[in-house]
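Each chain carries a letter (A, B, C and D) given by its place in the written order, and its residues are counted from 1.
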Amino acid sequence: MDKKEENGKIAGVPRTDLALEVRETFEEDNVEIQGVVLKEDYDKKKDIRVTTVTIKDQKGADAMGKPIGTYITIEAPKLGEEDESFHEPITKEIAKYIKQLAGETSKREILIAGLGNRDVTPDALGPQVVDNLFVTRHLAKEFGNSFLEENNMGNVSAISPGVMAQTGMETSEVLRGIIRETKPKLVIVIDALAARSIHRLNKTVQITDTGISPGSGVGNNRKALNKDSLGVDVIALGVPTVVDAFTIVSDTMEQFMSKQGFGEKEIHQFMNELNEETMGNMFVTPKNIDETIKRISYTVSEALNKCFA
Amino acid sequence: MDKKEENGKIAGVPRTDLALEVRETFEEDNVEIQGVVLKEDYDKKKDIRVTTVTIKDQKGADAMGKPIGTYITIEAPKLGEEDESFHEPITKEIAKYIKQLAGETSKREILIAGLGNRDVTPDALGPQVVDNLFVTRHLAKEFGNSFLEENNMGNVSAISPGVMAQTGMETSEVLRGIIRETKPKLVIVIDALAARSIHRLNKTVQITDTGISPGSGVGNNRKALNKDSLGVDVIALGVPTVVDAFTIVSDTMEQFMSKQGFGEKEIHQFMNELNEETMGNMFVTPKNIDETIKRISYTVSEALNKCFA
Amino acid sequence: MDKKEENGKIAGVPRTDLALEVRETFEEDNVEIQGVVLKEDYDKKKDIRVTTVTIKDQKGADAMGKPIGTYITIEAPKLGEEDESFHEPITKEIAKYIKQLAGETSKREILIAGLGNRDVTPDALGPQVVDNLFVTRHLAKEFGNSFLEENNMGNVSAISPGVMAQTGMETSEVLRGIIRETKPKLVIVIDALAARSIHRLNKTVQITDTGISPGSGVGNNRKALNKDSLGVDVIALGVPTVVDAFTIVSDTMEQFMSKQGFGEKEIHQFMNELNEETMGNMFVTPKNIDETIKRISYTVSEALNKCFA
Amino acid sequence: MDKKEENGKIAGVPRTDLALEVRETFEEDNVEIQGVVLKEDYDKKKDIRVTTVTIKDQKGADAMGKPIGTYITIEAPKLGEEDESFHEPITKEIAKYIKQLAGETSKREILIAGLGNRDVTPDALGPQVVDNLFVTRHLAKEFGNSFLEENNMGNVSAISPGVMAQTGMETSEVLRGIIRETKPKLVIVIDALAARSIHRLNKTVQITDTGISPGSGVGNNRKALNKDSLGVDVIALGVPTVVDAFTIVSDTMEQFMSKQGFGEKEIHQFMNELNEETMGNMFVTPKNIDETIKRISYTVSEALNKCFA
């Protein structure tokens, strides 16, 4: 069974970095999945929904096409909008779940990596988060380790490694090198993600203790960034900011063909004809993505500063 | 007849800023258009194709849905790619046609306006062109008018007025004010355009003496920028860098439905159902748009420097 | 009497955009100045000092070398430092004095202009303030004038006009054009200033109802921006971010020579020998100016948003 | 003897990253230095002067206060100015000497590191050079090693590691980690330097095979970057873009005091009184530094592309 079909849908259709969207493809089919536990909380007043998908064993991992671990999704429809309180409730929510996954390491050496391309607006989330971080590791070197403790600060370093087209290196190579040299206890990677539905864009934060698997994202040539590849615990925080152009076209087509009574085979065949090549390097994003990325990256960096600085 | 149908196609489908693409919708139907003259040149060695669409009278204007005037399209498949000679042949071609449209004013007072949003990568073409321009108007003020003549320089001023979400003002208001105050003889507006086909993205330069009409572009709230609205001759130079998300989906659907034998009425009805609202503020662009915009803006600014500086 | 001596000091020495520093040159000499009233408030808890210099008549204006009007200086030593509360007390103080000078116009049409060069860090204050503003004027155009009233919003437009080397135009030309076209009731110009003492850098905000006079600043070729030149009330808000290289050298020299007992004539002569040309286009600024400008521009934009949005 | 006096001058005075300027302090004193060889070439037509300072042994190193090695200085007064040929002669000269120092490795694996702070204009030289590089290492990974050979390309990777205030890490830590992981044969570090004289700013390129020693630069907290610390050959290319504020003041003072007949002891004493603390974190740079950095970084990146891409 090829990788695409592991997601339980016909080839080529679903392209998402969100565990929640993978889970939904099953819901539509009303399927119960062994090894996968779902928990949902909704705070009506704040309009924030938190869904925790726990993949407990290999069976669940096979069904979901994602590694064993915890995937927390915070849905906040106003995440990307102008807000006088600077999204304080969302900031608190993000901080709470990062701390939960970080556990006891939260006041120890942490490296935060802002993945993505600073020069492509919807991919600039990671670098812009890093720009707003309060880094402290050098203060420990300058004033002694006790300085951070006395001031109740974590030990935070940060890097925006750039993308392969800029550096000629895999992000995993750059991070592995830095980690071996500076020996953080925990790495947090921040990245812009690809969603399947445009309705999720800039409204969702996914936090997971599984790191990042080879996936689409905005630039789809990433290698895995997880405990296996980096040798240290990895938390990944991602926000969907784009939909693949191919996904948006094929989803619309599939819905239309199903409604018109085309059989699965016909649909499958048409999808194979749809030239993925042409659209393979194209993404869809909103026109006001600059303001959105600025606000979300500010909210995420404030959450990280609250946790560790 | 509503505006959308003026383009001669069913509602909602064609969304393009390129006269060439409007013309093509007729070619497909094998229609001859009164009042519209087409001329094509292809330089095989340089792989550059230049198409001139001249709309000669109101009949042609009505049929094309575009104002009377000259639309020159330079198609150069390698425009956005890495190039050791820095696209010198394309630079020359662009300069040649700008001069042709500018006529005798080419060494007189010229204001170049880089439209678009500096912070949204595919919309940053205009501001990035302005960043690379050689402006000279202040030298005339400082060293006397003869200084520019003696050095064989044009009199060039430039502005990146930003977009309405940043300024609260229409681009036309900002430019009209500046023009009344500084009295240039010619205004050249540079803008990122929307194409209908992803195959045209970053491969085409359109130069026209009609200015810019209310259109899509990346941010679709522009008012007209032309001799009527600005009170001075206007040349518009545009490069398609995005396709509307709605266009890419509806085009694929329409092709599929035609092929499947659906009637025009059914297609029309489905297109109306396709929720344009949802996709109305989304655009499609390539993942490496940062490098592409950097190269193209450099090429365009070199062409302008060659013409006027 | 040449312009430099109007400041009451020997030629070439004082180069400051701060009324407070001009006033101090007299204090040193223990001179009382006719037509100039000084008022000082110090809030010990917040460590914020507010000095109001009121130049009441032409005599005072002649003595100070600055136009008749009110100059409010807010000194806050921590203005440029990292702060968990995002400088809320300073934000409130700035907002209070802007409102005081703006008077009844504070909820009417206001244009905010961010002067300076976005690409030279200490001169980027104005453009960075504009980047963080909440502009609303287009909402009134889109949803009707009552929309802003109902939402208790001011009518704010904003522009970063760039500097003459980028545009070929005087800032006054660009602003006058835009003002004639969009007819704001009040213009607020934001600018990076030159101080005389490095101890004041990034610690002081000057707010005045006199606009900006031809002065040094970071780029010293500005024409006046005031009610006379723009035809509308002008408030100027400035923060000193640089000291002229010539000033820092000549001040040190003068102090040394005075202490050594050199006479005024000898000092005067040496200063004339000091090659101002060489250092005339050089400025002095701190190495961490990037973080400082980011924080101060955020504080100033929040103050403006509080006043008008 | 403290470090400052190793330069052969009184404490606190000379602060320069340029071997040429260190050498000049001896020239003034007409001293011949054992273990140091000087060679000079001047091309009158191109107005380019190349000086090679070779420090041959420890005696020379002690006298110069710089490590054993070759220091090539290319002086080109027009380096930072507008130029229609894009500084092609200087580009060629830089490429020639990089190749000379790189030797046979020039077509093998090379990592280029752009040091400095992207957000402080005169310190952005390194990052801006990297932005314009043609990186190729990932092409070898994607298309096989022979791909680069067949296309006569070098194997180039690149990184802009940021500065300690942004990352919490020493540049040497970040680079050492990446080097261990990606195993380049040669590292080239690009950096903005501090000169002693404002007359050298943006007119000089220094290329050396000794790497970078702990020094001033714009941000003065760098650790050594050389074969010892990085475990691989290191070439450093630097351009002076700033003068320390303390240097400019103390140099002027010293000249004045010497001329006035003050003794060395008195001068020494006054220099110690001059509060270095106050000015210690301040630099001097020209007002048009943005254009200058843009042009020079373009010239340097073209030279590197010519060598290796």
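Basically, a residue touches a chain if its C-beta (ideal position, glycine included) is under 8 Å from a C-beta of that chain, and two chains touch if they have at least 3 such contacts.
Protein identities per chain, from UniProt: A, B, C, D = Germination protease.
Predicted model, so just to flag it, every value in this text is computed and none were measured.
Colleague: Can we say the copies subunit B and subunit C touch using the same residue numbers, with more than half in common, or are the two sides different?
Modeller: same
Colleague: Just send me the rotation angle from a CA overlay of subunit A on subunit B, rounded to the nearest 5 degrees.
Modeller: Copies differ by a rotation of 180 degrees.
Colleague: Could you grab the centroid distance between subunit C and subunit D? Build each centroid from C-alpha atoms only and quote it in angstrom.
Modeller: From the centre of subunit C to the centre of subunit D is 36 Å.
Colleague: Centroid from C-alpha atoms only, then distance subunit A to subunit D, rounded to Å. What do you get?
Modeller: Taking the average C-alpha coordinate of subunit A and of subunit D, the gap between them is 40 Å.
Colleague: Enumerate the residues of subunit D that touch no fewer than two other chains.
Modeller: As it turns out, subunit D has residues touching two or more other chains at 165.
Colleague: Chain pairs that touch, all of them, please.
Modeller: All touching pairs, sorted by chain label, are A-B, A-D, B-C, C-D.
Colleague: Which bits of subunit A are touching subunit B when the two form their complex?
Modeller: Subunit A residues touching subunit B: 117, 119-121, 123, 165, 198-199, 218-220, 245, 248-249, 252-253, 256, 270, 274, 278-279, 281-291.
Colleague: For a test of understanding, state which residues of subunit A touch subunit D in their complex under the given definition.
Modeller: Touching subunit D: residues 130-131, 135-139, 156-162, 164-170, 173-174, 176-182 of subunit A.
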